[in-house]
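Several structures are given next for inspection.
Consider the two complexes below, in which chain A is the common component and chain B and chain C are the respective partners.
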Partner chain A sequence: MKKLTKSLGSFVVPVLSIVLALLIGAIIMAVLGANPLVAMQYLAKGAFGNAANIGTTLTKATPLIFCGLCACFAYKCGVFNLGGEGQFIIGSVACYYVAYCSGIGGVPGILLSLLAGAVAGGIWGLIPGVLKITRGQNEMIITIMFNYVATLFMGVVYTNWLRDESVPQTLPVPDSVQLPRVIDGMRFTWAFVIAIVVGIVLYYFLFWTSGGFKLRAVGYNMTASRFNGFPIKRYILTSFIISGAIAGLGGGAELLGTQFRLINGFGAGYGFDGVSMALIGQLHPIATMIVSIFFAALRAGSTTMQAATGVPTSVSDIIQALVIVFSVAGMALVKLPEFEAFRLRYFRKKEKKEATEQ
Partner chain B sequence: MTWITSLLLATVRMAVPLLFIALAELYSERAGMVNIGLEGLAAIGSLVGFLVCYITGSTWLGILCGALVGVVVNMIYAYATISLCADHIVYGMAINIFAPALASFIYRVYFGTGSDLKQIELMAGIGIPGLKNIPFFGDLLFNQTPMVYIAFLLVIVTCIFFNKTRAGLNYKAVGEHPQAAATLGIPVVRIKYLSCVLCGALSGIGGAYLTTCYSNTYSQGNVAGRGFIALAAVIFGRWTGGGVLLACLFFGFCDALQIRLQVGSFGVPYQFFQMIPYVATIVVLSVIGAKKGGPQANGKPYRREQR
Partner chain C sequence: MDELLRMEHISKRFGDFYANKKIDLTVKHGEVHTLLGENGAGKSTLMNILIGLYQPTEGKIFVNGKEEHIDSPAHAVKLGIGMVHQHFMLVEAMTVFENIILGDRNVSGLFIDRDARRREIEELSEKYGLDVELDKLITEISVGAQQRVEILKALYHGAELLVLDEPSAALTDIEVEGLFAIMRKLVSEGKSIIFISHKMREVLHISDRITVLRLGEVIGTVNCAETDGKALASMMIGRELSASQYEKMEAKGECVAELKNVDYNKNSKHNGLNGVSMKVHRGEIVGIAGVDGNGQTQLAQLITGVLAPQSGSVELKGKSVSVYDPSSFIKNGVSHVPEDRNLQGLVGDMSITDNLVLKATTAEKFSRGKGLLLKKRDMARYAGEMVGRYDIRCTSVEQTVRSLSGGNQQKVILAREMESEPDLLVAAHPTRGLDIGATRFVHDKMIEARDKGVGILLISADFDEILEVSDRILVFFEGRIMGEYSGKNPPVEEISLAMTGK
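Entry: the complex of A and B
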């Protein structure tokens, strides 16, 4: 019974938060002078109205899924990796170098580039990991700083080293290494499929293997795991590397599937978006993927909504931010002893009532 | 000589926003509240400061409103972490996501998507008569905007408050051992809320400084990691007013150096210079290592009648 209500709570709270956030979003739309119902209709139409729109939604979901999984995996293992953005960017830079400069085309080229992205992301995650275990450093600040360094480094690449003549951006990667679309007429590419596969593998690893169990145990209670003889430092390092590699792979997939070139603003904001996805998804890989697709739909739909009703697209960002504000507070509320007492009292009363009625 | 003077002048100017935000975190952590939402608080503070100044033309009103909005947003954090016992780090992250989204939304709604640059008049510098004529130090310390003086005064006030007053010691006790503090009759929850008010106000001011005293426009992401550098400054400064001042001057120096070197260029891509403050933060944190410091009950939820 207790387990049931617990899992119910972790499902009900995010859903309620989303409903609340959408309500506030509707109020904002009304204040801006649009009919919220009409605006919401356009929102839904823009996200799922036809095959092309669904394709756009899934395309937008891909990087969110990768960064969400990166954050999700790290937090599950007790590591607060905020460096998803930097790892994503470094992954895409490495991927670009291999895709553009190696001259290998076709499937081997794609695989090699993606691998380069994952490795680079993993290394970018490894550095803060080493600093954490050797110097006991606060990984949050370090990973954030590495995000800025990565962004600036990408800036060097597209404004200097591989600049496309007068424009501050690189040339697109050759056609032969661009990820093909899964279905003709829909924009989403194999990058989305890779993201889903990574999510499922992570789910399997975390919840159905002993390695995953150990990593989760370290995340759940580091002291207990240490007394149990787990090599904590090695696990922490592993979590950093794997979560960095996921983000790096995401950067590569985004580059070969959607953007094709490095340009100002590439990957910006995905790090914190990933954190939102993971937290709203209750640090569960499958839930994180679903949440990512939902928010990608919100973003894809908001463009149509803006064109039709004039409500700015950033309403979708506000809604996303509100969901996280509500859901994190909601999860804390559910865990409070007062809430537990209230719930027990309420259910007891009900049971008593039923008993007396019989 | 002039190069060095202008470098030091820029150091002071760059250290001030960091100083406000770092003091915000100091007040917060001294009451046991780890707030990593500073970046977001500063972002919304900087937007509101800019907007109010743009509408009314008064920089002071802008800074005041920046502080107010910082407090309002931080109250969400305060309620969730103090009353609902949410995880400080996770909720700080939520604020980091929420506040900048709100800021860019307000900007978009108010100014539309037009690309013309909106500018405001920066706060004018006020020289302190007499003192400003001292060679070298005069320009550096006594010929700045009033916000610079306020920041340095705040450091002195902070040092006295935490070390010499009863109220300050009580305040620190809340961060060290809230249960023990409660048995002494210190209103723990009230002080924790107070710390969040101070933190919100100071980081709002730090953000507003960026638009009203430093750069005369607002752009998305103008806080540029200062919230997190301020967090590092508090650790580097060992949770004391004086230490935080030195740490902020150091990071401000890195920022100033970065800008000066960019102008010089030397044929190196300018982004490498821009990395200096961030790399410096990483290096500093790695060098000082994990010496345990700071309030004992930092980041731990407090519930009455619970051991």
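Entry: the complex of A and C
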């Protein structure tokens, strides 16, 4: 029975949220005068219909995965890092400098640029971390503020320091440091593979090592962790750095794999998207990655849907928003004492019934 | 002097447990009537009935000779009963004046006649010597002044009977003198006071009559002038000393922990230690007796490295500690059953298994490569063993500890702390909230550990528990050690007097 509650929380709620969101999406489509079944079909086709479409979906999923893992890791340690976006952007700026200015090409150049991105993202996470553990500042506010700083800083880079002639954007990074595609004919690059590897490493660390175990304990109960001798400040700071580094790496990978240049709007919204991915994925790295791919599919498929059936792409946005609303509400519902009482009553009755039947 | 209040045969039952049993209490006009009793004697329950927070299961309440059913605090106020809680009920962001008129039924309509109210309050404050600054915010005034605001507020709302719940607990000595002066003034003006306190000196100093409660029953009411501390203490404790079922030991072993002249927040009487020196040896249980909140919490945290002493030192196995941090104490063989098991001991959202191995995930037993890969199967097997050995009632070791009952949660902590084979076990209120069976189990395990040579420091507000298992008893009062007694045939009355500061 206990297992059932667990699965209720971690599996049934997200799946049910998705089903409900799609259902309401279908109603909206019907109201707009389209056949929901046909529209959904095109939505799916647009996302997974052929190799090229799958490639697009995975490409769109990549930054979501990075930012989702960034949020997931920080939250596991009880740290509310809302600065994924800023860390992502700073990572891409640092990555751009190394990729564009160092002149090193090929694989060494790529690795060095990505490393620069991760380090920069890590530093961008470290600052709010230090402010939290030494001065007790609220990390949510500081990390959000740091998003603006990062965005504006990137603005200075592409409008002043490294502007491409008269256009407010930078030149693309040289061909030799662009991330190659994994499979010909599919758009997605090694950036996606890196994201998956990071996700698997995080999963392993969190659930199969002593360090991850302690980090989760700190996230659940800081006082008990301190009483049991864990260095909680060190764990908190580490989680800020690692989570920032993941986002920074994501920013670098997005730059070298998809965007190639810094431009207005680069990285906008990914930070909060990542928070949603992590929450719907119940702060589990693997689930976070799956949810990210699902959301990317909704985004990638929506244009095909619009072209074929006239249902605007914004319906896909509505569905995404509803998934978030339903899963957050569902999680809160499962935790309500009334729900727990209802569940217990329901199952007791059932057990009794079974007992009398036997 | 006639009666202001009479409570007749008041009983209050929670489930099968009687918090109050056939209590009779009368309070006359113009007297200070003290309720005296240990933790859990039923004082708070009785007062909560009086102010309408609880309904009595049986019994009648008469105010000025008329029977009343007090069904809400508002009703109690109407009857002229005002309570000053131990933890003040003031709105910190509002001024003194605003706090006093808060909830005033005479203030009706949209506007408040501030000047008239002000005059009323100033008159009251002058009459009783309740000196407060009306325009200051609550956060800006001292604790003693906050208390005067509470009293003034009760008087402003028409209180004839004031209930003061441990009013001296948060005050400095000078403030206590001021409080007593106010109390005397109130009584001389015909008001009555029910005074709740643990401190014998204060009780004897201020009371007219004293009613002693024990285990929810009235033991007796005496005139203050006709009694003394010793008599009161024996009424309070009152027990025939039932012989402990455990054999008491003389410690011969090595000293595992020693506090040398330790100070921590020494000016705080309730959250500090003042020049404490003590030792715990192998193979003995040292019991810390005392009313809750006399520095026991700080003692437990100092001897486990959660807090660092402000002066003095802590020695473990003869070596002075240089880094005050729980992890270095744990490495030195110190185990800790903390007083708040959910907040300090357990990670509620993790499983029984996880909580049992909490401190040992890098040990070879549970992981490869010092924590690089957890041996989950070994962890589960170990948890299964512990569930058997410590009688932890659960459906699965994968269950979250939050879903366990208090007793079983405590057994999880006990299993973890005992299995690490400590040299020193610090147990703070290890049986609080546990039923008889679980309590017995915890005691048995502690005795077993003692016999294996573990030094145990037991902190408990339950005097019976201290008497039952301690080989040596130290009494704490206001952050100081009041005395040391043998656990074999302990002088119960003397100890209980020491607990009240005499």
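Please note the rule applied: the second predicted complex is superposed on the first by the 349 of 358 C-alpha atoms of A that agree within 3 Å, B and C clash if a C-alpha of one lies under 4 Å from a C-alpha of the other, contacts with A are read in each partner's own complex, and residues count from 1 in each chain.
In this text, contacts are C-beta pairs under 8 Å (C-beta built on N, C-alpha and C of every residue); 3 or more make two chains touch, one makes a residue touch a chain.
Being a predicted model, the structure only gives us computed values, none of them experimental.
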item	value
Partners on chain A (chain B, chain C) - clash or fit	fit
More chain A residues in contact [chain B versus chain C]	B
Closest Cα approach, chain C to chain B, once both complexes are overlaid on chain A (Å)	5
Those residues of chain A which chain B touches in one complex and chain C touches in the other	none
Chain A residues touching chain C - in the complex, by the definition given at the top	1-3, 208-211, 213-214, 216-217, 220-221, 223-231
Complex contacts: residues of chain A adjacent to chain B	32, 80, 82, 131, 135-138, 140-142, 144-146, 148-149, 152-153, 155-156, 159-160, 272, 275-276, 279, 312, 314-315, 317-318, 320-322, 324-325, 328-329, 331-333, 335-337
Complex interface listing, chain B residues touching chain A	36, 76, 79-80, 84-87, 89-91, 93-98, 101-102, 104-105, 108-109, 113, 224-225, 228-229, 231-232, 235, 269, 271-272, 274-275, 278-279, 281-282, 285-286, 289-290, 303
Chain C residues touching chain A - in the complex, by the definition given at the top	304, 306, 325-327, 329-331, 336, 338, 343-350, 354, 358-359, 361-362, 367, 370-374, 376, 395-396, 398-400, 403
